[in-house]
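Step one of this worksheet: look at the structure below.
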Amino acid sequence: MRLLLINPNRTQAVTDAVLAAARAAARPGTALRAVTGRRGPRVIASRAENAIAQQEVLELAAQHAGEADAIVLAVSLDSALWACRELLDIPVIGMTEAGLLVGATLAGRIGIVTYGARMAPLYRALVEEHGLGARLAGVEALDVTPQQTFDDPAAVRHAVLAGIERLVRRDGAEAVLLAGAAMASMAGALQPHACVPLIDGVACAVALAEARHALGLPASRAGSLAPLEDRDVSDVSPALAGLFRGGSAA
Amino acid sequence: MRLLLINPNRTQAVTDAVLAAARAAARPGTALRAVTGRRGPRVIASRAENAIAQQEVLELAAQHAGEADAIVLAVSLDSALWACRELLDIPVIGMTEAGLLVGATLAGRIGIVTYGARMAPLYRALVEEHGLGARLAGVEALDVTPQQTFDDPAAVRHAVLAGIERLVRRDGAEAVLLAGAAMASMAGALQPHACVPLIDGVACAVALAEARHALGLPASRAGSLAPLEDRDVSDVSPALAGLFRGGSAA
Amino acid sequence: MRLLLINPNRTQAVTDAVLAAARAAARPGTALRAVTGRRGPRVIASRAENAIAQQEVLELAAQHAGEADAIVLAVSLDSALWACRELLDIPVIGMTEAGLLVGATLAGRIGIVTYGARMAPLYRALVEEHGLGARLAGVEALDVTPQQTFDDPAAVRHAVLAGIERLVRRDGAEAVLLAGAAMASMAGALQPHACVPLIDGVACAVALAEARHALGLPASRAGSLAPLEDRDVSDVSPALAGLFRGGSAA
Amino acid sequence: MRLLLINPNRTQAVTDAVLAAARAAARPGTALRAVTGRRGPRVIASRAENAIAQQEVLELAAQHAGEADAIVLAVSLDSALWACRELLDIPVIGMTEAGLLVGATLAGRIGIVTYGARMAPLYRALVEEHGLGARLAGVEALDVTPQQTFDDPAAVRHAVLAGIERLVRRDGAEAVLLAGAAMASMAGALQPHACVPLIDGVACAVALAEARHALGLPASRAGSLAPLEDRDVSDVSPALAGLFRGGSAA
Amino acid sequence: MRLLLINPNRTQAVTDAVLAAARAAARPGTALRAVTGRRGPRVIASRAENAIAQQEVLELAAQHAGEADAIVLAVSLDSALWACRELLDIPVIGMTEAGLLVGATLAGRIGIVTYGARMAPLYRALVEEHGLGARLAGVEALDVTPQQTFDDPAAVRHAVLAGIERLVRRDGAEAVLLAGAAMASMAGALQPHACVPLIDGVACAVALAEARHALGLPASRAGSLAPLEDRDVSDVSPALAGLFRGGSAA
Amino acid sequence: MRLLLINPNRTQAVTDAVLAAARAAARPGTALRAVTGRRGPRVIASRAENAIAQQEVLELAAQHAGEADAIVLAVSLDSALWACRELLDIPVIGMTEAGLLVGATLAGRIGIVTYGARMAPLYRALVEEHGLGARLAGVEALDVTPQQTFDDPAAVRHAVLAGIERLVRRDGAEAVLLAGAAMASMAGALQPHACVPLIDGVACAVALAEARHALGLPASRAGSLAPLEDRDVSDVSPALAGLFRGGSAA
C-alpha cells in the first residue's frame, strides 16, 4: 500500500524524523512518502499555529491523496483530522489518536509527556475530543524545549524519564505516550530505561493505517460526514476546491 | 467602546444581518464595525470549511484589532476563538459561546436549532468543548437550508417553531439557541410565537463583549495562554506575523 | 437601570463591601441599591446556614423587586438563585455563577480560592450544579478566616497569593475566582501581584445583570420554570405570598 | 430504636400516609414518630417552596432530635438533608436518597415517576447531586396531580403504570421509584401489575435508618462536615440556635 | 432471617474474620452461615484471580441459596454480584457495594484504603461500575500486604492510619472504606484513632441485606435481569445448571 | 505471525464463523488457529454465563499461548480480556474492544446492534469499561435470536438493517458495530445495503492484533498489570497455574 505522511509544519527535520519512525514501523509492502508544510508555522505549539496549519493539512492531503491508499497526520495535535475525513474516502489517521487507541490495548490509563506547560491543556482537550478522557492518567509538561532535544539530548532524556516516573507513580499511568515528533523519536532509545511501554504515535498511526487499509471498510458518509457538494471555497488549490465541490481526490 | 464583528465567511449578506442584529443589541456608546472574509469558504457548514476559515479569522482580527476594544466572532462554530485569545489582549467572544453562557442564566437546559443533520454533531462537540454539555437539552437539526430562509421564510419559520416545540416537550429545553447567523436573525420575529426564550448568539456576544470591556479584566497569560514569542509563521500578513512574534495588535 | 443587590446574611459590612464593588463595576446609568438580611445567619459558611438564608433571599427579592430591573445575589453560594428565577420575571444573577460564566471567556480552567476546608466541597458542588465542572481547575481552601481579612490583611493577602500560585502551577488554573464577598473585595489590590486574572463575582454579576437587562430576553416559563399558581405558603410576607399565588412583584 | 419522620410541608394527610408506609416497613422494635411542618408551603413542588421548607426541616429536627435515634426526611426533594448532617450526630436519611441507594442493589438503572413536567428537572438534579446520575434510566413526568391521586385514583394508577411501562421499554429501567409521598403510597397496590420492582422511598429510608443505627458508625466531622462552632443565627428556635453554637440536640 | 456469607477464596481465616465481623453487625434474629471457596485462588488480588473466582461464587450461591433468605458476597471485588442477581430471587449484596452505599449516607466523598498499588485501578473501576465515581475521594494503596496484617499488625495499623490521613487531608475524604476482609476487620480497633468514620464493607453488607429482606421487594426481572431459560452450561453442579435452565434455588 | 482465536463458548459453529471472518481479514503471513470452549456455556448471553466463561478463556489462553504471537478473544463481551493481559506478555485483543477502537477512526459516534433487550445494558457497560462511552451513539436490541440468523436469515437481515437505520437517524450513529459472532458474520453481505460502515469486531481484532504484533511494544507491567508472583490457584491446568506462579506461557 502507499502511505502518505503529512507534516504540516515547515520543519524538514521533523518530517525526516517522522519518516524514519514510520519506516521502522511499516510493513515491507508499505511504500512511504512524506510531505512537509510549505507555508504557515515552522512549529505547531499553540492553538494559533494549529489554526493556521489546518488549511495546509487539507492542501497537502488534497494534492497528494490521489497517489495514496491512506494518510497519517504526523502532527501531534491531529490537526484537521476530521476535516480530512469529510473530504477523503481513504483512511486518515492522526498520530496522537493512534497512540491513544493502540495504548488502550496496552494499559488501563495512559500518561502523556510533552514539552512545556502551555501544551498540557491542549493535549487534555484533544484526548477529550477523542472521547478518551477516562483513559488519560495525566499530562506531564516538561520544562524543556524541542530544540534542547537536539542540543542537550542527555538532559532531555533525563527529564523525560523523570516525567514518565511521575506519571506512573503519582497518576497510575500504565503506558506513556511521548507526544510530538521530536520526543516520540526517543521512544526506542528510552524504552529499556522505562518501567512502562513508551508509545510513539507515528509508529502507531502507521500500523493503524495499514490495519484500516487491510480491513477495506468504506468511509462513513452519514451524519457529520455526509458528502460535501458544491461548496464554494476560494483561494485554495484546484485539487482542494475540487474536493469541496464533491469530486474525488484520485 | 469600539466593537469589531468578524464574519470569516465570504457572504456579505451574513455580515449585514449580523451587523443589524448587533446594532439592535448594542449600547448607545458602542461603535460597531463588521468585516467579512475575503478568502476561503462562502459558507461555513462543515469541519473542512471551518478548518479553512480559521486563518481568515486570525487575519481579520490581526488587521483590525488595533482599532477595536473588543471582538465578536460572528460565526456559529466559534472558529479560532481560543487562538484569538492567545494572540490578542482585548476581549474576544464567540457567538455560540455567548448564547450558551447567557442562556445559562435563563434556563436549566438549552436546546439548539440548526440547519441540516450534518451540523448537529459539530454543535454537540462545540458545547462539550465549552464544558457546557450538562446544560445542553438537545440539538434539533431541521431539514431546511439557510437559502430557504430567504426563499421561503414562512416554511422555515414553521420548521423552526416545530423544532423548538420538540426541544421543549421531548428534551426539556427551557430556552433555545437559534444557531447560525441566518437563523438567529429570526429570533425577534419568532419570539412571540415561542414558548421559551429564543437566544440570538450575536446579540448575546455583543452584550458579553460590552460586559467584559466594562470589567477591565486583563487577558490571561498563564498555562495555554502564556505569551507567544518569536513564533515563525510564513505566508501571513505582517500584522498577524507580528502577533506571532509577540507584538501587540495596536 | 435599577439594580438590586441582595446580601442575605446579617452583616452590614459585607453589604457595604459588595455595594462598593458593584459601584466600581456598574455603568453610569445603573442605579444601585443593596439590602441586607434581617434574620438568619450572620455569616453563610455552611450548608445549614445556607438552608436558613434561602427564605430571606426570597423575602428580600419579593419585597424589593418591584423597584428593580434586575437582581444580583451577593452571596457566594448563589443561595436560592433558581428559586428566585421561578418567582420573578426580571433577571437574577448569582455572584459565583457570574464569576464562572465571565471567567469562561477568559480562561480554559478556573481556580477558586476560599476560606477554610469546609467550604471547598460546597464550591465544588455549586460548580457542578452550574454544569461547569469541566471548567474548574481546583479549589484552594486557605487556612485563614474572613475576620482575619480585616484584622491582619497583609497575612491574608499573602495566603491568597500563595493559593493562587498553587492553583496556577499545580492545577493549571488560567484565572482565579476569589470566592466570598470579603475575599473578592481584594481582587483589585491583588491583581498587580497575580499571574492570572482575578475574578470578583460581584463585579461580574453586575455586568451580567446589565447585559441581561440590555438584551431584553423574556424569562423562561417552561419546564421547571413553568408559572407557579395558587401555591399556599404560610408565614411569609404578603409580597412573597403573592408571588407564590402567581402575582407579579411589581 | 426511636425513629423520627419529618414532613416539612403543612399537609397532615401526607404525614399520615408517610407514617403508615413507615409503619409497614419498620421492624417491631422501631418506635415511630412523625411531625408536620407548621409553617411554609402546604406542598413542596417547586424550588421556591423547597427553599422555604429548608428552615422548617432544621427546626423540626432540632426540636425533636433529642428524643430520636435517627431521622427520616419524608420529603421527596430530600430538603436540607446535608444541612441536617452538619448539625446532628444521629443518622439522617432522605427518602429519595434511600430509594436510589436501595434501588441500586436491585437494578442496573432506575426510573423515576413523578407528577408534572416541572418536577422532572428537579429530580434529575437531585440524582446528580447524590452522584448517581449513571444509575438513572429516566424521569417520567405524568400529566396528573397529587390531588387526583385522591379524587380519581383509578386514572392515576393507570397513568402511573403507563409511565412505568415507558421507563422500562424506552429507557431500560429495571426498577422504578415512585417519587413523592402520595405516589409512593401506591407502590404496594401497583406492584402486582408492574413488570419491575416499585420502590417506595419512605420504606427504604426507614430500612436504611435502621441499618445505620444498627451499624453504630459515628457521624463524619471532617471536610464539609467539620463541627460548627459559635455560629450566630437569629430568628430561629433556641434548640436550633444551640446546634449552630455547637451544642448537641439531646 | 437466614443470611449466607460467601467467601470465594480458599482462605478459611478470611471466612472466619468475615463471619466474626458479620456477627458483630447482625441483628439478633439473623442466623449466619459462611462458606469458603473450595477451588480457585487462595487470595483474590488480581483480575485473573477474580476471573477464576466467579464460577465458585455462583456454585456456592446455587448450592446454598435454598437455605438462605439473603446472600452477602464477602469478597472485596464484589465478584459475580450481578451474575448472582440474574440467577437468584433473594437479595444478594456485595461488600464493597454496601460500603459505598452506606458511606454515601455518611460522607460527601469516600476514600478507599487497600493493599498494594496493583489493586487501586481495580477499585476505581469497581466504583465506576457501581456508578458512584462522583462519590470517590481517592484510593490509597498502602505498601503493605495482607499477610503483614497478621505478622506485624502494629506496622500495618500505622500505615492504614497514615493512608486515612492522606485521603482526608489531600483528597477531601469524609469517610474511609477499608477494602478487603483483612483490613476491614481492623475498622473497630482503628476507629478511635481516625478522624473520619471507618467503613467495614462486611458489616454494611449484612445491614443492607437485612434491610432488603425486611423491605420484601421482588427481584427485578426486566432488561438485563430478564429470566434465564433453557441455558445450557456444562461442567457445573446440578444446582447451578438448574438455575441456568430457569429453575429456582430453593 | 501466529494468531490464536479463542471462542470460549461451546458452539463449534461460532468458532467456524469466527475463523472464516478472521481468515478473510488476516494478512497472508498470518497463521490462524481457533479453539473452542470445552466446558461452560454453550452460548454467552448473560452476565452469569460470562462469569462461567472467564476461566475457560484463561485456560485456553494458557494452554495455547506458547504457540501464538497474539490472541484474539472471539467473544463479544471481551470476557477476561484484562485478566489475560495480566498473565500473558503477547498482545491480546477483544473483538468488541477492537470494533470500537477501529470504529473510532471511522465515525464520530458508533451504534451497536445486538440480539435481545437483555444484552443492551451489558454492551453499554462494556463500552463504559473501555472508557468509550462518549463515542457510543446507542444500542439497538433487536427482537430476534442468534438461532434465527440460521433459520430465517432474510428476516434477521431485515431486522438488522432496520436497526441500523434507527441508530443512524435517531441516535446519530456514523458507523455500526454488529455485536456478537453470528451477527458480525453478516457484515459483508449487509454492507451494500447499509448507509454507514458496518463493523465486524473479529476482523478488526485480527487487524489490531497484527498491528500490535508489528509494533513490538512490550506488555505493561506497572500498576494493575504488575507481575503476578507465587499466586496459588487450585483446580486449574498446570499451564494456567504456572502463569499464576509467574512463569511464562511459552
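By written order: A, B, C, D, E and F. Residues from 1 in each chain.
Going forward, a residue touches a chain if its C-beta (ideal position, glycine included) is under 8 Å from a C-beta of that chain, and two chains touch if they have at least 3 such contacts.
All figures in this text were calculated on a predicted structure; none of them were measured in a lab.
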Tell me, which chains sit next to both chain C and chain D? B, E
Greatest centre-to-centre gap (Cα means) from chain F is with chain C
B-D compared against A-F, more contacting pairs: A-F
In whole angstrom, the CA-centroid distance of chain E from chain F equals 29
Cα centroid separation between chain D and chain F, in whole Å? 44
Among the residues of chain F, which ones contact at least 2 other chains? 82, 108-109, 117, 120-121, 125, 172, 174, 223-225
Each pair of chains that touches is included here, namely A-B, A-C, A-E, A-F, B-C, B-D, B-F, C-D, C-E, D-E, D-F, E-F
In their shared complex, at which residues does chain F touch chain A? 25, 27, 82, 91, 93, 97, 101-102, 104-109, 130-135, 168, 172-175, 191, 195-197, 199, 203-204, 207-208, 210-212, 214-215, 217-225
Chain F - residues contacting chain D, complex: 117, 120-121, 125
Okay, in this complex, where on chain D does chain F touch? 108-109, 172, 174
Can you check the complex and tell me which residues of chain D touch chain C? 10, 39-43, 45-52, 54-55, 57-58, 80, 82-84, 86-87, 117-122, 125, 128-129, 223-226, 228, 231-236, 243-244
